[in-house]
Amino acid sequence: MNEPLLKLSGINKYFPGVHALKDVRFEVRKGEVHALLGENGAGKSTMIKIISGVHKPETGSISLDGQRVNFNNPRDAQNIGIATIYQELGLYPELSVAENIFMGHAPMKNWGLFKTVDWDRMQRRAEELLGELNIYNLDVQANVGTLNVGNRQRVEIAKALSLDAQILIMDEPTAALTESDVEQLFSIVRLLRERGVSIIYISHRLNEVFELADRVTVLRDGEYIGTQDVKDTSESDLISMMVGRTIDNLFPKQESEIGDVVLEVRNLNHPPLTNNISFKVHAGEIVGLAGLVGSGRSETAQVIFGVLPAESGEIYINNQPVHIQHPSEAVKHGIGYVPEDRGHQGLVKEMTIRENTSMAVLDAVSSNTFINQAKERILADQSIEQLSIRATGAEQVVNKLSGGNQQKVVVSKWLASNPQILIMDEPTRGVDVGAKSEIHRLMSQLVAEQGLAILMISSELPEILGMSDRILVMREGRLVGEFTRAEANQENIATAMMSEVINKRKEAGG
Amino acid sequence: MRKTFAITLVLGLLVALFSVPTGAQDDRWDGSDDLETNPLACGMEEMMEEDAEEGDEEEMMEPMEYDGGSATDAPDMAGQDIVLVDVPKLVGIGYFAATTQGQQEAAEELGNVTVTTDAPTEANIDDQIQVIDSYITQGVDGILFAANDPVAIAPVLRTALESGIHVVGYDANSEPDAREWFVNQAEFNGIGKAMIDSLVDQMGEDASFGIVTSTFTTPNQARWISEMWAYASDCYPDLEWLETLEAQEDAVLSFQQAQTLINKYGEDLDGIVAMTSVATPNSADAVQQAGLCEDIAVVGLATPNDMKPYVNDGCVRDAILWNPVDLGYAAVYVMRAIIDGEFAPGDTSVMAGKLGELQVVNGSEVLLGAPFVFNAENINDFDF
Amino acid sequence: MIAKQKALPARPKPIHFLGIILAAALLSAYLFLPFANQPELGASTIAMITESKKANELGIFTNGLALIPFASLGIFLLGMWNVIMPKASRAISLMMSVSGLLVIAYFINFIKDYAEEEATYISQMGIGFWIILIVSILTILQILIPRGITEARYRITKLYGNQESIIVFGLLLLIFVIGVANPRFLQERNLSDILSGNAYIAVAALGMSMVIITGNIDISVGSLVGLLAVISGRLVVAGLPTPMAWLIPLIVGGLFGAFIGFLVAYLKIPSIVVTLGMLSIIKGILIIWTNGERVTGMPEDYFLSQFRPLGIPMPIIIMVVLTIIVALWMKYSRTGRAFYALGGNADAARLSGLSQKRLLMTVFILNGVFVGIASVMYSTQFNIIQATPPPGLELSVITASVVGGVSILGGTGTVVGSTLATLLLNFIRSAMIFINVSPFWLKAVQGLLILFTVLADLIRRRRQRL
Amino acid sequence: MTTMDKIKSTDAPMNLAYRLRSLLFSQEGVLFIIMIVSVLFLATRTDKFLTVSNLLQQGRFMTEVGLIAIPMTYIIITGGIDLSVGSILGLTAIILGWTWQELSFPLELAIITGIIAGTIAGFINGFFIVRVKVPPLIMTLATLALYRGLAEGISEAKSARGYPEWFFQLGQGDFLGVPTQLWLLIVAVIIFAIILARTQTGRALYAIGNNETGARFSGLTVDRYLLFIYTLSGFMSGLAGYIFVSRVSTTRSDMGTGIELDVIAAVVLGGTSIFGGTGSVIGTMIGVVLIQLLKNGLALTGVTSDATIIVIGSVLIFAILVNNFIQNRRLGM
């Protein structure tokens, strides 16, 4: 009973210098949510790309409903009802929602001689599709560029439905979402499951897997490890399957004695999303900054870091007033900023590890503006060693690294500038469990041993609760709450984050 | 921030529209450059020939010293086969295609001359210099040139002379000492007079006219216009100079500029004076398409074939013959004569095949003849 | 991020169509009604325009003109009403109001002159004719073309909806200012001369805009126009039937486009590099082949650009028709939309199964064809075809597209914009002469104005980003 | 960890052979080979070509393009472009002549004024590109017209001539048997090649070209660098303008028309990606030299200019094609 709808077997895929998938098999049943787990670089993405027809496997067979299929391009896969929602959203910011949904298969009006895109029908269908997802307040003519992340993703899902997909692949759909968006997403996923759509769900957040998935398949280093029913497995099982070893603790928080104030901001202003923010950060403490996406957390961080110079308010470092107009000045004052958007803000992906790690400290590695490559190499090798970055060496191009390792490179870049204050914006977004715990361990080491002050922004409550000594909560550009590690818990923080907002967001579909 | 931009924008626009120097009449451009003008005596063009003669006689009465250069210890190639290179302003336009044609004719007649034409594909002073330079390196017996800029081209030509290569210019001159002889279609003042005369004859002494020239920086046109100005201000002070517009050597632009003149001045425009063989037919075309043949006279330099449609249907009464073919033809003969030693500094004339004897004027210029005006009667005698 | 109000339904409201109908009715009435009190002439405006200068007597046009203020008053009121009811495009409204005012201004201007018994009234009627023509076309386009319909948000939240309307605004402003400074500028003949004389640039700009929208560029346009023009001319002189001589350049252009497309799409050479090379290659071919000999002696029926059906110069008709067709095609055809997709987000385009290679080929071939059309319009306007590429054409074409609001990074812009921009740029060029800008400073002023147009667009984009 | 082993096994050995190969197959290497081949070929066709005097003469001719190509390389590496260089050259020339003749400045001062004017012109480009965020191509497209217009307006079609002898030293004179301006070019190339390859500025430029935001978030003063390179571009164009005037001994408002295309062609030919991020001054110089030698060599072998431009156009496309191919292969292995 319950024959597999999609069946992959003996899949092998090679990339230059890498054997990405080794004889992998994979099954998806009709109407199930099937989680696909594995550390970055384990081969999940490659597998998805194969299922969705982007890559062709060297060997192995794919069969749908028993008969063999093979895809030469994404279109083929779409035609037989396999739709994919990619991690980096595949949308056209300059085009309207309706168009994005129907790009490539717009409803046409037939005039006998020629066909034309039927805009009216396209917009009506778009509204219907969104309706099916219980989204009634999204303007189908708005430019996607003007939507927030949650809405963009809904557009992606609607797009998938428009192909009336029987298999829907979701690659880390929640990576960029806020709690409330995640809730909506889950309800949509369940909705689809009831309609008999099979969903391949990829995520690093294990709790989501347990909340949502029926079965789970684990890959490691391009090999098939196993498939299990979610109900008869446990978090630690999965982790050990993924990592190949057991991870004692995801949040290895060490006790560290809190020093005196290193960073203090007083009524910092940069409307609309930063309105007289005031707080202190002490040496040797991790301050968690919680809040919904769009609540102004990142903006605040960027104001401090000088990307968006403050319109008013003071910043004190070691009780000295400082005036930060540009990131370079922030760096001089010993502030580091690990931004949320790694690929776009954190790294120059086309450059090597060496060049990236030294980017913030060029002065240090160069004698009067001439860069000393030897020094650079030493620096790079140190950070590779210290953060155990998995790479072929300092000369490897960052592009080629997995998400977790890329994140480590970003961190190492800022450690190289040995800062007093490190602002970490979503330090573990899209990072696999292994790397995640390593980064967390590193954070608490830095704090405990070097007395660093860390301001950590995160959308993951467990992370906030697990790592912070103190927790600040922002909402709509204002600081609305402060909790000590002791008094903080899921509920009071969540409510602080969302009270009132919830309703507003509901109606806004955001 | 955005406000300031908006404001600067508006202000800037206003500045652009109103604060730029306006009033074409006020600083009417008379091709002014530092050189002297010497207008001919007044009179209508039936006396043209005499006038021209007269002009020449003047030259002869106080004959000007030879002011050209000379090729230092050039090999004596008298009577032998010689290889010439012809470097016009640019290749790929009809005008210099015609000069090339003339040179080839001459070369065939002489039999012992080979001419190859090579020039930049844009009328660009630097490229022309480089082309000439590479031929100096390559080694030829003589260089024929039409300068994009009289001064800029001088150094490289001097180098040519120094390395024993004979240099003759045609159509567009260089500094005299940078070449031996310059073959001139007609004297600047002659052209200037002919133009004005023709215009006045058609539209009266108080006619008002606009000029379509190539560019303000092209020496020939500049000289002609200043000669026109000089002659007109002596003889017909009532002429009204409306405006001078640039049109490069471009057909479309010439046409549009002529249209602009017509539309801008309406009835106030009696004539269009076109300074290039491209501008003349296209201005005529513009006048014709506007159906104003009776009201606007088109005067200018042109090659007969281009003008036939307009002259034959009477839209244009006459035009001044510009004969690139003979120009190229003469240039080759002059070069041959130099090399054969039959034509040396001090001579007052040179034999040029079918063109007969050509006069020397202004020291080192060989004159093709007085400006020839063609009209409905004789236009069909020509075919180029 | 925070709640955004529900946007408006975009289906055109009857009110919009009222705009069209009014404008169209106006236009036709103006063009074709015989004028009652001139029985002996009884001719329509069209006839008058086409008549020679002599026939353009005062009386005829007073009637013709009399239509203008009423109509424009109507449009103006409609415009104002649109502004008040925030249900329609501010852009349209703005345009309507301004043009309405304009024409009224001219009516007054006319009455003044009439009293003073000076000037020929062809000029006044000319402006009426052209303004109404432009308004009508734009009213229709604004409603049918993407910017007009899909982006409801533009309409309600922005003062000027898009680059097109900025340019139209600038265009009308220019006409107004220059017209006041020198009414001669407004003669029907002058305006039509400017339009028809540069129509071929606009047509070339159509292709260019498409190429730029896909995120590429073609700087070999100039040379290609030159080559194709000569081909066309030589063919017809060689005795080929005229239609063939008009058609073949399109095909050859398409072939060149295909070649460029191949290099870009399959061999992955950046288009700017390819076309930089092709620029000189084609030019070289042209020179070696023709050696500069002009082409003459084409048969009478060859001169497409000189035809004047309905008294409207052929180039203008071609330009307007093609612009509308292409605009509609870019909006209503799959391929058209795919171009936007490709330019907007190439990866996404690939993932949603669009074939990048095929699209690139298509766009470059199309571009080639349009260059072909442009070259025919170019070669058929005079009795002589120069064997030289029109100087600096590629720059004016690219400038037109960019000024027209086509983002150089690809993904946005409309061909309507590029056509309007062509008009604007050339109106500026001629206008400067009419207000006696010193000939030496023409280029400088043009450059300045281009800069300002671009900045205007930029500021608009800034606004919209907020 | 088998994957890791795989990757490790492909780890690049830092030995001589490897370096040699990577040098040979680098953009510059490939281009250099192409150049050598074509030079040798041309040399076999005419003995006039491969002579010291001729080559030096070509050096004289290519100096202006070479000088402008240096900042252009910088600009294109950052993903920008500057189309207005030709117009700036013209503007400088005119201002030089005009201040000297009309305003009767002392010539030395006139020269400086001219170059300063060029620098300012470049600065204006930079300012709008950095502060107002006008896309470089559009900005310089506009100033291309604007600056040329200014040149024409100021000069009023008059050309300034009759400079004193010493003025021509730079453009037409020799120093130690080598054309004076060529020294200038050589020095400039060395300095700017080192800046690009070895200094923080160079590193910053590459970073900006690859990911501007990333560079900004790393505390690099992106705006300052951009402003600098566009100003530098203006300065170099100005310098080139001065040299040009001194070489052709007159000023015309149409000087340097279309030079931007030659420069860009040279830069692109030199292996600088038009999308930014990669490229080198050395490569650019090879590009400049290659084009110049082709022009001259072909002319000497009796090929006329119209055919020459065909060859150059083809070489441009072909060279990029070959490089793409080879670079892909290298990434493949």
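Quick notes
Labels for the chains are A, B, C and D, by order of writing; each one numbers its residues from 1.
Here is the rule we go by: contacts are C-beta pairs under 8 Å (C-beta built on N, C-alpha and C of every residue); 3 or more make two chains touch, one makes a residue touch a chain.
This structure is a prediction, so every number in the text was calculated from the model and none was measured.
Shared contacts of chain A and chain D, meaning chains that touch the two of them, come down to C.
A comparison of the B-D and C-D interfaces places the larger number of contacting C-beta pairs at C-D.
Farthest chain from chain C (centres taken as the mean of C-alpha atoms): A. Separating the centre of chain B from that of chain C, both taken as means of CA atoms, is a distance of 37 Å. Between the CA-based centres of chain A and chain B the separation comes to 72 Å, rounded to the whole angstrom.
Counting only residues that touch two or more partner chains, chain C has 283-284, 287, 438, 440-441, 444-445, 448, 455.
Multi-chain contact residues, meaning those touching two or more other chains, occur in chain B at positions 5, 21, 27, 29, 91-92, 121, 216. Touching of two or more other chains is recorded for residues 132, 152-153, 156-157, 306, 309 of chain D.
Under the contact rule defined at the top, the touching pairs of chains are A-C, A-D, B-C, B-D, C-D.
By the touch criterion given at the top, residues 1-4, 6-7, 10-11, 149-153, 328, 331-334, 337-338, 340-341, 344-345, 347-355, 411-412 of chain C touch chain A in their complex. Across the interface of their complex, chain B is touched by residues 52-53, 120, 177, 182, 184-185, 187, 189-190, 193-194, 197, 283-284, 286-287, 290-294, 296, 306, 378, 381-384, 386-388, 390-391, 430, 433-441, 444-445, 448-449, 452, 455-456, 459, 462-463 of chain C. By the touch criterion given at the top, residues 16-20, 41, 221-222, 305, 307, 326-328, 330-331, 337, 339, 344-351, 355, 359-360, 362-363, 366, 369-371, 390, 392-393, 395, 413 of chain A touch chain D in their complex.
Chain B meets chain D in the complex at residues 5, 21, 27, 29, 32-33, 91-92, 116-122, 124-127, 129-131, 133-135, 137-139, 149, 151-152, 154-155, 215-217, 222. Taken together, the chain D residues at the contact with chain B in this complex read 46, 48, 51, 53-54, 57, 61, 64, 132, 152-153, 156-159, 161, 172, 244, 247-250, 252-255, 257-258, 295-296, 299-300, 302, 304-306, 309.
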